[in-house]
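Below is one structure; the comments refer to it alone.
Every chain is named by a letter (A, B and C) in the order it is written, and numbering of its residues begins at 1.
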Amino acid sequence: MWRYIAQRFLVSIPVILMVGIITFTLVYVGPGDPAAIIAGDEATPEILEAIREDLGFNRPFPVQMGDWFWNLLQGDLGTSYFSRREITELITPRLQPTLSLGIQVVVLSTLIGISTGMLAAWKAGSRLDRNLMVLAVLGFATPGFWLAFLVIWVFAVNLGWFPVLGYKPIQDGLIQHLHSMFLPVMINSILASAFISRITRSAMLEVLREDYIRTARAKGASELSVFIRHAFRPSAIPVATVIGASIAGLATGFVLTETIFAIPGLGRMLIDAIVRRDYPIIQALLMVVATVLIAVNLLIDILYAYIDPRIRY
Amino acid sequence: MTETLLKVEHLQTEFRTEGGVVKAVDDVTFEIKQGETFALVGESGCGKSVTALSIMRLIPNPPGEITGGSIEFDGENLLDLSDSDMRDLRGSKIGMIFQEPMSSLNPVLTIESQLAEPLKIHMNLSSKAANDRAQELIDMVGIPDSKTRLRQYPHELSGGQRQRIMIAMAMSCTPRLLIADEATTALDVTIQAQILDLMQDVTEQSGASLLIITHNLGIVARYADRVAVMYAGKLREVSDAPSMYANPLHPYTVGLLRSVPRLDSDKGTPLAPIAGEIPDLTNLPDGCAFNPRCKWAVDRCSNESPELSEISPTTQVACFEHSSVTLHA
Amino acid sequence: MTSISDPQTEWELAPPMSVRLRGMLRSTAKASKRDMVLAVSIIILLLGFFLALFGPTLARTDYERTDPINRMQGPSLDHWFGTDNWGRDVFDRTIVGTRLSFLVGFSVTIISTVIGVTVALIISYFRILDAIMMRFVDGFLAFPTILLALALISLIGPSIGNVIIALSITATASKIRLVRGAVLSLRESTYVEAARAVGVPVPRILLFHVLPNIVSIIIVQATFTLASAILAEASLSFLGAGVPEYVPSWGNIIATGQGYIQVGFHISFFPGLFLTVTVLAVVLIGDSIRDHLDPKLRGRLKTTAQ
């Protein structure tokens, strides 16, 4: 088991390295002179040169990249062009909204997705099953930002149950916080659960045709026990894979959601940085997101081994 | 004469398909006595496994359905039982072992939890008691190092060991009937005999009857008391094993016997496989389904389907020409 | 008596019951309902094509003409989908926007499929190239598509071409990974081994033995790419990081309406509906193709349809 975990961990190191190389290279080879962005419109050539000298932009590419990596390893994500502040310092206050959104959405979408998927598999072929699967396909095809628009229009503009905008941090009270997050959480959860539900259903139905399910029935196990004890765990691997994929999808969803609902999280920060062409922040956020997703994949690999003993060796 | 344990009468099991309704089991009647080893023989797709699954009422529905007949087990018609009564019977009074030892055990559950499950369901044993009994069962089926085995998963065991586990599981509640559906087909030849011996031992010890579903006539000869030969959903010949070997009455039985290599035959004797192919179950030939492949067939065979009829108190056959059928033609 | 003989040699005259059952599990009533869904989806996609080709000529007004007097009008006979904050006709802008969605969607799909399949086929036979290429693929796929596209576009500037390039990168990477996986597992198969054994040259094996066997996977994946690319383009335009604002795109029309949600519900509603229905049609077509093309999946799905 530990060998397996260590092996999965080692495999993800080159991926992180590659992510770093891609992130750094994109900005380096991209058009646009960082010195010009920092200096603003009225910069003289002398000022530009000074900025380049000061920030090391005139050093060779490998040196700059090596330097950037070395700083990353020490937890230094760089300095914003725009505010001239440490990016780690800028990120810290942005973590809470995004993490809160993320945790709520992952938990809710997993619960909704697995339970509706199992229900559909349990009642396979029934009207309930068909309706759930129609919803799942709809959820897969509906753009989140448009659904957000509809939901805001119904629940915030017309019914007035929730604020249109106005994020409240946890410090203002948990209830207020959850209330202000309710719509974005629900929208992302429902959309993410659509795919989880579909995969849960098809994985369950596939496992239910396995020989060992017949064995369980031949032992006299009840249908509920067959379903939950014998069929769910073997079908959990594709489900775990989809949950991992949906977390990657959330990163995108959050950029949109935080923009629409004016939530001051990392997604919003990225959009702001893109508007201002604040490349160090873009680099840092891409790096952070990719690293988190690689870590999530690592966790899911470990989860596989927990689910299926055949993977542990 | 011992008592009858299982009495299958006019059993009909059908599958609804695109090409029409398939009668996988068509008017099948036989009975198994207590303590007897009964073999159901036939080629793949002849309906023998469907017969076994029908007895367990494990036919996947849809597309399959038992549409007629009765299955009397210990004086009770299984087809009349409620689903929950039938569940109580499975694994406790009737145990079943399947063909694929690789896929018949749940890959994510330990041997212990799978072995203990029927004990918990049917005998209301506590976890502790069930686990202790599971260890005894592993010892019983001859797997060494039972303590370690209990904590292992199916993939850590060999095919033969898994099939032993399946036997232990099927026998855990001392059933009256053990059904072995091609239980040794997927195993190495050397392991096959061990597993069959084990099944015979455990059923003999507990006085249970054994229903062997197989296509392997070698198994039938060595283990079965009585044999039923099945072809295209119907029983063609039911007889005592020795008399069927000595004097087969149905052309299909003859065909089966002649296509098996025998150690006691002369080296030069060629094998004689049955000519033609298994008919499409959705489109069976008129009359006797075997007539296109039969060298004894007469005109009548392509118009009329012969019923299974009694030739002697122990032998029934479904063939118009059975009196002229011989093994060494 | 006889020995216990080898099961493999005995009477393997008919396929096992399980194989036959799989073929039997087809219910015609369900099939026709599925065909209906497919037919409707195809019609929707064809309508979309029609709008993409002729949208600008069908537009009843100049879709760029502003009309400040008639701004923020609700749907009416004159303006079926109402007008936006500049008084521009939302119906006209929406049907003109179809062209952009289809252009980006199909370009990304075609580019990523052609490059992805070619690269995957080539690298599957050159180990070192494969090792290098797959590190890049893993790296690119570690980013969420839209975030990478956002970053790229912020560097190279918003334009239709750049949106296509940005979205094609991750789409290509995921194609390479998928096709390479399929090719590698096929390479082990008996018939490819057989072809190699008799000396069929590698390019021929790739084109005539491997490619035909992965066509179904590629087509199904292509529909998925098409759906995601259309969604991604709309998302980028919605965020203001896609095509320039003056080019009508479903995404930026929705974004316009978002700013006027209190009074301008119609501005976002209709382009969003177009977007959702288009993506839905593509997804359903993809599902349907998968059911038809993949015999393994077919048996499976028909069973579940019972």
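Definition applied: a contact is a pair of C-beta atoms (placed from the backbone, for glycine too) under 8 Å apart; a residue touches a chain by one contact, two chains touch by 3 or more.
It should be emphasised that the depicted structure is a prediction, and the values quoted were computed from it without experimental measurement.
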Chain at the geometric heart of the assembly (C-alpha centres): C
Farthest chain relative to chain A (centres taken as mean CA coordinates): B
Highest C-beta pair count, chain pair: A-C
Between chain B and chain C, centroid-to-centroid distance (C-alpha), Å: 50
Distance from chain B to chain A - Cα centre to Cα centre, in angstrom: 53
Chain A and chain C: spacing of chain centres that average the CA atoms, whole Å: 21
Junction residues of chain C - those touching two or more other chains: 306
Residues on chain A engaged by chain B in the complex (per definition of touch): 210-212, 214-222, 229-230, 233-234, 307-310
Residue ranges of chain B touching chain A (in the complex, touch as defined): 56, 58, 84, 87-92, 95-96, 98, 100, 103-109, 117-118, 121-122, 153, 155, 166, 169-170
Chain A-facing residues of chain C, complex: 135-136, 138-140, 142-148, 150-152, 154-157, 227, 231, 234-235, 238-241, 254, 257-258, 261-262, 265, 268-269, 272, 275-276, 279-280, 283-284, 287, 300, 303-306
Footprint of chain C on chain A - complex, ascending: 14-16, 18-19, 21-22, 26-27, 30-32, 124-125, 137-138, 140-143, 145-146, 149-150, 152-153, 157, 164, 202, 205-206, 209, 248-249, 251-252, 255-256, 259-260, 270-271, 274-275, 277, 279, 282, 285-286, 289-290, 293-294
